[in-house]
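In what comes next, chain A is part of two complexes: it sits with chain B in the first one and with chain C in the second one.
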Partner chain A sequence: MKTSTPDQVEIRIPRRAEFVRVARMAACALASQLEFTYDIIKDIELAVGEACANAVEHVSDDARDEIVVRFSIDSTQLAVEVFDRGQGFDPARAAEAGAASMENWDDPGGLGLVVIREVMDELAVDCDPTSGTCVRMVKRRSR
Partner chain B sequence: MDEESDMTMPLKIDARTEGEETAVLSLAGEVDVANAEQVRDAALKLMSGGIKHLVVDLNAMEYMDSTALGMLVGLQKRMKESGGEVAIAGPKPQIRRLFEITGLTQVFRIYDDAAAALKEVRG
Partner chain C sequence: MPMNPREAAEAKEATKRGPVKRKSKRDAATPELFAKYQKTRDPQVREELILAHMNLVRYLARKFANRGEPLEDLTQVGMIGLMNAIDRFDPSRGIRFATYATPTIVGEIRRYFRDRGWAVKVPRRLQEMNLAANKAIDELTQKLNRPPTVPELAREMEISEQEALEAMELGDLYELPSLDGEMGGESDEARSKLADYVGQVDEGIEKFERRVRLAEALSSLSPRERKIIELRFFDNLSQTQVAQRLEISQMHVSRLQQRALAKLRESVREQDNE
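Coming up: the complex of A and B.
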């Protein structure tokens, strides 16, 4: 298998709700260039949107705060990392988050993770109270 | 919306009443963390006018996320408490799948179109 350093595309958006769509559009554009199917492009858009929405919902007091979205592309996969400097959420939720119901609807962040896990091939959440939160997700490319 | 920017989301909200207690809220475009509140406000306005049964028509909806789903669940809670219901109509396959993977097909009745939903919610 050919191995090489992944190509990377990185965007930075203000950590505000109205900019989440910008990250989604970037994900769509990139996934389109990689010749994913339409359904998978929409899945990637959804996953990036959910990760950025999580970052927005756990907003800090720092109005200059930003979200960094880094796309890494190689011949086998598209990896997306969404970084923010907030405290984030309990990473255990990434493993425990379950389906929504009328009773447990107090945890939209958890539901976002359910969505990401379902539409992407890999999901990992790393939360550090000092450095921030990183949601990493992968979509494998068909060979 | 923050005063620093003038970013807009492509969302069109159309509300129409069908009798005294039923309404259809038609959404076209995209709903996410930036504008879910607009949809909630439109629905609450209908509820405050006496609407107990609300059909949310997603036929022209291109994108929604879990924030939008959460907003809909909140509306469903309120409607159920007042003896009514929020029903979903016409979602595209990608959006129907979102309801399925989050388990919300247990929370909402989903119909192929608004006419079918109206027929059911009116009883």
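Coming up: the complex of A and C.
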């Protein structure tokens, strides 16, 4: 089976919680093009939502207060990259900090990454104090 | 599903107790509790650990709550993941418990959706919601003299705005086979109507907390009804196959099955009310 150049869809949303939904909906619409089953579509939606929520939580003074979500889709997989200009965070430390914040389960931060790793096939987090954070995740079609 | 009645009952019990009344010292004491539990396997310590981490289960279950299953059910299956994680957790390995337990809990919740044939059922539900949304839009348009906004629609339908959007946007993305259409191959035994399948899942045969009660409910059936339920839902035979096996017509199987399911529903409901 040939793999062509993936189609790309990129959306920019303000870094605010109420816009995360837009990214989630886009994820659903794109995932359904790949004929993922509905539970997988909702898993992808959840993962994208978690990554965006993480981005919303990074406090930043940067004027470019937005999140960029780039979807790359071909016949075999859906890849999603969530960029933000936040100060970045160390994923390991974030997970620990999240896990440690037993007092506040509404905001355990790093656990979002643990959830993403569980529902997606690949997860990579790239943090750079100057350029920001990129969460890259992939869901492959199993058939 | 690898859940035995004891686990199910335990999970249900634990969920019923409601949110933990947080003692300020509890979190600080958790590593000690784990160490103690690892050494003693004391059920009381296990219980304390379960209570201390119930909010983690709730937090994770909430993430899956927009999929149309009751949060309570998700929390219950999540509790099973929590209990397994507590039993297997090794505090000496330096990983935090919440990080360790999250995959297990999420795994149980996702399995719950998988085991319920959810991927088949929910697009159907979405499509129904899409129809309902269209109807509500018509009614609201009449009432308001203009088309409703999404928040208005969501209020009218008593669903979240996200669900309302989904119903409108995604409900018709799926190419759904007709409910009465036949699934499977050409051969007779491969044929079963989607409605049968959906019905099967809807009856909650797979639903763990009802499993326990199902045994009791089954005793309310006549031997023949019980046989049909057994062949249809436990052995997964088609109605045609059941008909051949029992040497009666497929129509008759269908009628007996309807009656048996109605009885089961009734019986489970009665137990619910007790």
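Quick note on the criterion: the second predicted complex is superposed on the first by the 122 of 143 C-alpha atoms of A that agree within 3 Å, B and C clash if a C-alpha of one lies under 4 Å from a C-alpha of the other, contacts with A are read in each partner's own complex, and residues count from 1 in each chain.
In the analysis below, a contact is a pair of C-beta atoms (placed from the backbone, for glycine too) under 8 Å apart; a residue touches a chain by one contact, two chains touch by 3 or more.
The structure presented is a predicted model; accordingly, all values stated were derived computationally and were not measured.
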{"item": "Partner chain in contact with A:Val114 - chain B first, chain C second, else both or neither", "value": "both"}
{"item": "Chain B versus chain C as contact partner of A:Thr37, first or second or both or neither", "value": "second"}
{"item": "Touching partner for A:Glu57 - first (chain B), second (chain C), both, neither", "value": "first"}
{"item": "Which of chain B and chain C A:Val20 touches, first, second, both or neither", "value": "first"}
{"item": "Contacts of A:Leu46 with chain B and chain C, given as first, second, both or neither", "value": "both"}
{"item": "Footprint overlap on chain A, where chain B in one structure and chain C in the other make contact", "value": "21, 24, 39, 42, 46, 50, 98-100, 102, 105, 108, 111, 114-115, 118-119"}
{"item": "Chain A contact footprint on chain C (complex, rising order)", "value": "22, 27, 30, 55-56, 58-60, 63-64, 66-67, 96-99, 102-103, 106-107, 110, 113-114, 118-119, 122-123, 162, 165-166, 169-170, 173-174"}
{"item": "Chain A partner contacts - residues on chain B that touch it in the complex", "value": "1-2, 5, 7, 9, 30, 32-34, 63, 65-67, 69-70, 73-74, 76-77, 80, 94, 98, 101-104, 106-107"}
{"item": "Sites on chain A touched by chain B in the complex", "value": "14, 16-21, 24, 39, 42, 45-46, 49-50, 52-53, 56-57, 98-102, 105, 108, 111-112, 114-115, 118-119"}
{"item": "Chain C contact footprint on chain A (complex, rising order)", "value": "21, 24-25, 28-29, 32, 37-40, 42-43, 46, 50, 95-96, 98-100, 102-103, 105-106, 108, 110-111, 114-115, 117-119"}
